[in-house]
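My structure is below; once you've seen it, I'll send some questions.
Order of writing sets the chain letters: A, B, C, D and E. Residues in each chain are counted from 1.
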């Protein structure tokens, strides 16, 4: 596919049509792999001899943590596209992805906390990974709040895009800084899993299925929400037009 | 450019919100900490570098929304945007004025506050070094946040929310320098990191700030 | 009166400066403390009650100048003064709105922040009790300070300087309740003192605030 | 509801600006204040409205009879037009904002946040507030600033209707409103430095 | 220094307000914009001044040729009159504020903080700023708000002098300034909804 053909999807109409075609398939695939992976993970894997049945949280925790980070990356890319090529769909896709990212971050934080209680004897510790996730959560909050605060959609797209780019740099810096500041518990926990090679194997296949399910779910939700944003944008523009007479 | 700096400093002095505000907030934090935490000086000494850095950061944060908000409300910002000054220059001067009215007084006054929190002797030097290196970054980052939120509803809330995570690396390295200094450990790495962050933000962020400010003026 | 309350709450929700601002500031303080002080949970647990109270106090302080300043700037305060509402009522409603948008969310959210600072288990109950009893006093005292400084130049600086010493007793007893609670000691005396301070300020200060507000409007 | 001003001396920033003012305003009448910029019209209106005390003389009127509209409109940018009006209607205990909306042609803007209005639309909203106060004596400081010709006419009609209902209005303005009203030029009442300030002896309680 | 506006469409809050504007302004000439409240005069002036981008069409002029004066004056309440003016003179790199003080009769107020001026005095100071910019094209949004008759005349004289020196002025106003200038009524240029918005198909990048 040449580049120009790809950019055609930046047209809101074309995008909406394509989404309507693709969305059902992606949704079904997401559902199947998610349900399959979770059932497999929860009911057809043995308990870990150290962590007991709590180990099964991994099937939600790890995919959601991965998606929380990937969602931000996607927003970074679409923000850059908006700033450079000024395609509205791109900006709206970033807007659509942010709340999903927030939910993923929250799920990762919550499952981590629930896991941490039996494993580390505390709901929360200032471990580098946990801390940088908390910071990521704040970035997400700020990003969404900035979108909400601005009436003019183009202004909002510009400002949030710049925030996303600057934020990414600082998120990266924080990750490094936090590592420097505290060595933490989280790494150890994941290593203890790796030691039991065979156990890890038993867990890894359903985990991959779950990860695939989360990715598909994310794609489906972003498509859906971007389409909604396009419709909302159009309704708003038309209403405003009408009011102007 | 110079005249803008002079005007801002003059305004800060006349109208409050500058010089005094940051300092008095710093004072509030350091004076109230013993009331909250209890007066044992061993405990205080242990948390002193962190609390002092935190106080400096909060004092900066507090005065951020005045950087552009006042000029926006009375229309000066529109007039400045149509003036011969480049927007990048305006933003840099604003950050500089903020630092001169908040960061610099904090650096100068920090030894006194260190005394209040029983900071160990060898810590003073490094506390000042870390503040001198770190507070410019706080001002520049804050100016970016202020430019992002100028004229927006929920400006104040948003500003703190947006700036907070951006402040984390500076705070970590700054407090680390101060803490290691107080404990007599080597401070080379965090000092270098802190200096790097400051240099990087000062060199690059004004462009982003000018960009978003122009967008916000539309 | 009710309509003023509703308007203020609505403004706080729409325009920021309310709900979120206090909370996010509280969040900032509690999240940043470990970055400053270090991540050891034993140390954090020890200073948690004090820091949480300090954070609550700073969050209140931060939003004080909005109590009257916005209404003053856009002329609403003049119009309110010529309206049928008694000034004492206006002041009380303003304090109530401030508490509802700052104090109450803090009380509700404090357990989460306690968690972040590894507050010991038995401390949660007393932390909440102390905040519920103490934050109304903070709002009422703050409203008095805001009324004193409305429309003055250097308002912000003056406000913090004036209010800070007035806040000290509340902070001392509030933090004492929270700390004793966390350490499992009896808390009767400081709880009674705290309740007494709150009741006294709520009953008397609005009259003083109304008086100085009327003078400031001249 | 007669407003009577007797021997009034008013000051701004501690300095007397107008002195020896005497006038009265009967129900059904309007009084237009004129005078060059800076002569003290705003100060006079604030004093009459009870926002600042007179230096000498007195203002006789029931204190709860005034509706004051100043240079600034007291609008909340984030509240919608109808929320702004409803708030003031509630404060003054009157019902219904429809008449005010009709009177100032704001029906098309009810749901717009006040911050997204043009200068003239804001002013119209600020004036519409007068109609929901239900107060008999309007005290207006340059009410027609930023208004176009049609809106000035709307305003004049609103004043006429108010007067016809037995209200009265005290208006400071620089332009001709086309109202049938008495005009008071405050220029001649400018406060003169007191003659007896020869030395330190002349110092009295007002330090003049 | 001719300002030419071609096929301009402007929007406020994402909604087009005026479209198809064409005019040009030669040195030595003034153009008065008229139109009812809320038609989009302020938006047009902001677009011409380069503060916001046009939706379509273009504004042809050197960007550094405008002096813009908005609804609000951009004064600092705590700075004195002369400090306020000196600041803008420095920013625009011109020298001397005496001419500006004379032009707007501000000599008696030089040391007064701007916050202690009356509404009309503030406006005079805001207009005096134009004289220290040294810019050829003045863009003025309702410059005479709050001014008394004498001050309006001062302003008209300042504009005449500016035109005589080869400057030009674009002025939005509701009152008659007594200037010998062309008048453009922007009312007829109100943006009309596009015809082809039948269904979702009509959706383009601007969502209309």
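Please note the rule applied: a contact is a pair of C-beta atoms (placed from the backbone, for glycine too) under 8 Å apart; a residue touches a chain by one contact, two chains touch by 3 or more.
Note that the coordinates shown come from a computational prediction; the quantities given were computed from them, not determined experimentally.
Shared contact partners of chain C and chain E comprise A, B, D.
In this assembly, E is the chain whose CA centroid lies farthest from the centroid of chain C. Across the assembly, the chain pair joined by the most C-beta contact pairs is B-C. Summarising the inter-chain layout, the chain whose CA centre lies farthest from the centre of chain D is A. Our note on geometry: chain A versus chain C, Cα centroid distance of 36 Å, whole angstroms. Chain A and chain E have Cα centroids lying 48 Å from one another. Chain centres here are Cα means. That of chain D falls 29 Å from that of chain E. Across the assembly, chain D contributes residues 71, 77-78, 116 that each touch 2 or more other chains.
For chain B, the set of residues that touch two or more other chains comprises 14-15, 73, 153-155, 157-158, 161, 164, 168, 172, 218.
Each of residues 138, 149, 151-152, 181 in chain A touches at least two other chains. Against chain D, the residues of chain E that register as touching in their complex are 13, 35-38, 42, 71, 116-121, 124, 142, 145-151, 174-175. Residues of chain D touching chain C in their complex: 46, 49-53, 64, 66-79, 83, 86-88, 90-93, 129, 133. Only residues 2-4, 7, 10-11, 14-15, 71, 74-76, 78-85, 217-218 of chain C touch chain D when the two sit together in their complex. Chain B meets chain C in the complex at residues 14-17, 20-21, 24-25, 28-29, 31-33, 35-38, 43, 46-47, 49-51, 53-54, 57-58, 61-62, 73, 153-158, 160-161, 164, 167-168, 171-172, 175, 179. Those residues of chain C lying in contact with chain A across their complex are 16, 31, 34-35, 38-39, 41, 44, 115-116, 118.
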